[in-house]
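Can you read through this structure? Questions will come right after.
Order of writing sets the chain letters: A, B, C and D. Residues in each chain are counted from 1.
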């Protein structure tokens, strides 16, 4: 008898499973923070969590923070420093083990667009986007510097595109060893965790392949929700459903039930 | 001998701002410490055509852009975190009224550091290889952009990295938790890039939620990350970051965060918002009335309130602050 | 869940140091906060051939160099301020036993910043045009030196400035006023470059004058400039900066500053000093006996003592500290 | 009737007179700090003093500090930051109005050596100095960045040399506009104040000329104590002796009478 859970909860748990005990991890707000603190509550008690504002040693109190300077994350911190410290000294330096970022669009090489949507592409001369999004924020810095990073994104064809119209945060650029040209100290995206399954990069080409699907989805469904010709990794398999302990840990973190609405 | 730098918000904006100025603020995260009330006063005095430097978007930038006062903006994040897109800024950018140049959050901090150090450029191992480097809204015809984040070769290894342009804004309005009348300031919560901004800006005006006696600074000199030597003027304005949060003093006003952002999504909504929440007060008491005294009390019941406890004994009352401000003339009178 | 990182000084040196290592300390000014007792323990355990990175010379570097344990050193200032030249270091340099590479005080801080940021180089608008750039003790045959502070052209203006090499020392022994068992630290007085060093070093060991409960850090998170995430181990050693000062806790021991520097001026004096003040104690109590309990009490009567007042209620007693240390195994046991 | 005073006191007072009210000033320890705080006590009450450790708003208590992190200067500060802040953000940036530095040797263009004495010069290959001095410390940063700086030094022929054997802190290098080649934001040394008088740079050549002598010295005596052919500026004249108010202010700062021993 499997407990009931939402797609958002499955995505958060699958993301949390990627985080290992003792790691130095940077979380953004929202889903990313829930996934991270779920990992801490469940299997990674010694995870060293921080935010890009340089908030250390804190766990959210009284619900999901509205932002990384929300008082809900500032009420039990052991250290407050700065963006330069967190994103510079600890992330861009290559010291941070893992970061979690979101995406409006992601492409086959794991490049992320959070800057804007240009109908018909930008063109040669830059023009304002038809839909302005949030910009790169700290995600570009995580994508360049963290040893690895995870991308969390809802699985829809308009989001999983052949080529993003603007690279806000670099994945593997045009694949293979393209990251090396820029000397990035970070290793690149290790997984894209979606509302339907998990994609991982091919070890050589760095193209993202299907590696796992959830109990409520299927490889076919995922391929249909992906605008590029999604290949499947050898060994791809169903992702284990959330255990009772996992769900209990996640729901303890998700005080306000934000993920149960999804 | 020491001199009070306390002046009114209206006077600070009158004296130190002008149309077309490079104005930096928002040196805190989208829901946190930002001198939002400074932006309201800029609009009350009709400033426009601003070149805004905001490390992150905040409700201040959202409001200034919605009101049409921002010609150009450079920032690292243009949303409002869990509150979603910054509708006013978004509308201004999509309509081409505000030109937004994109960087990352680290890059903005580095550019302020470079300004503080007066370096000609800052080494960048981030933003390179992405469209933050290749696309420039300020130089739309360059593709790839050649002057936004040009390449520079490391003379030790030959490796090519990026060079960021330093920022030296003409004016910064910086929100702090506590300031003394001399301009020494304590920030509670993440500094974000307020330390770097306070050194990069050519002129710094503090907007402090509370004023403390200088004895507080002498008890906690390691907390005084902005010393008086870099500060031009101090403005006392409680709830100056509202509807955003000020750790130790008040929580974000979630209801107003949402309703404000919703209003700024349209021109009509913006006009109504301006009428009520920009023009609708004349001083600190009527500003607090506008927020609602019950709301004010409730927001101050923050789980972070204990952070302010060590400083309570030095907090100055409104009457004391008025007396200190009155003693401040342009020639700088001695206050103690 | 949290884990105690408290270990003994002897164990810290045994586990984390080795001959020939790049060892950074002295990240405070010549008469102030420095992990001097860490240097004593390095000598007790016979470490030698060190590559020392000292932002400024201190009595620690003076002692290590006098004892012949330093092969190479990079620093920005090699004296002892009003106490004069650092005789031990001076002797080692003049005799060619220690090779000293000169930088300025800002350059050393910048090189640590560059290491913290993992930049390939750091822009320098200082040190250029002087013999700090043109002369290199590490590359004596190059004149002008080409690799010490090579030129780099600003891609925006074409202007040529200098490029400093970043520092990433293998180990840093950093003196702090207060630490908790997790490795969160508060520094009172100037940080000098301890913030940058704590991020630049590959491994950080804190030497704390006093241990406080983590509740202290949660009350003053803005004072915790070194968070536990960058710290490997915490050593409790009161008067660890002696004979130098620790603001809030004790003054410089002027008599010992002078007699120590006098002793280090000769080989015989150094041998006598090592016998008495390096080998002459076995633990914290016998170290304090060696300083002299009356002297200890007198040095603690500092005019800065009020700086520690806000933290007194969280200070741990020696017995509490011992209990916390005992709970620390290499596997990292939970302490609370 | 002129009060009695020492040569050290005259030097400190002459240096203090160079500091103007309201200026942002950086002081080292010892003589430099006494001169600076004398100025603050006497004619520059609003001078904004700091040290290179980032100690702001402090005045020394209980005597001359032993160093810039001595508790005597840490007991009434309003702000403690760091070297990067003080020497970088405020000095190297060009923001600081005036700094005071010392010298073991100074040459005709105001270049300062505090690094070492090499008998017969260093030669082409670097070798250890015969006498190792204190190194550049923050003086190089002040010399490059401060709007102007003052050099305080005992007037002896071995210290006033034709060309220093090692430039620790740049004055005008080889004169004229040599500083401009390096783009220094700072203006260079505006005066050398010695135990015998005051030297100032020629406006064009930047060679230091005699501008003033003290009551107890003379142009001849100063020329004899200078190893280069010291020229005299038009308008050179005796430096006014310390006033009673100046001496009183200085002695209030010099609690332990350090300067009266000299």
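Quick notes on this structure:
As a convention for this text, contacts are C-beta pairs under 8 Å (C-beta built on N, C-alpha and C of every residue); 3 or more make two chains touch, one makes a residue touch a chain.
Worth saying up front: this structure is predicted, and the values here are computed from it rather than measured.
Each chain gets a centre from the mean of its Cα atoms; for chain C and chain D, those two points are 29 Å apart. Centre to centre, using the average C-alpha position, chain A and chain C are separated by 39 Å.
Rounded to whole angstrom, the centroid-to-centroid distance between chain A and chain D, based on C-alpha atoms, equals 56 Å. Among all residues of chain B, those that touch two or more other chains are 117-118, 125, 159, 161, 188-189, 191, 221-222, 225, 307.
Residue positions of chain A touching 2 or more other chains: 80-81, 88, 92, 145, 185. Taken pairwise by the contact criterion, the protein chains fit none of the simple patterns, being neither a path, a ring, a star nor fully connected. Applying the touch definition to every pair of chains gives A-B, A-C, B-C, B-D, C-D.
Across the complex, chain D meets chain B through its residues 24, 45-46, 48, 50, 56-57, 76-81, 85, 88-90, 92-95, 185. Put simply, chain B touches chain C in their complex at residues 117-123, 125, 147, 150-157, 159, 161, 163, 165, 186-189, 191, 219-223, 225, 306-307, 309-310.
Listing the residues of chain C that touch chain D in their complex gives 28-33, 55-57, 75-83, 85, 89-90, 93-96, 99-100, 102-110, 113, 125-132, 135-137, 139-141, 143, 159-161, 188-196, 245, 247, 251-252, 254, 257, 302-304, 307. Residues of chain C touching chain A in their complex: 1, 3, 116-118, 180, 182, 184, 199, 214, 217-218, 221-222, 224-230, 332. Residues 29-30, 51-55, 61-62, 64-72, 74-75, 80-84, 87-88, 91-92, 111, 115, 122, 124-141, 143-145, 166-170, 173, 179, 181-185 of chain A are the ones touching chain B in the complex.
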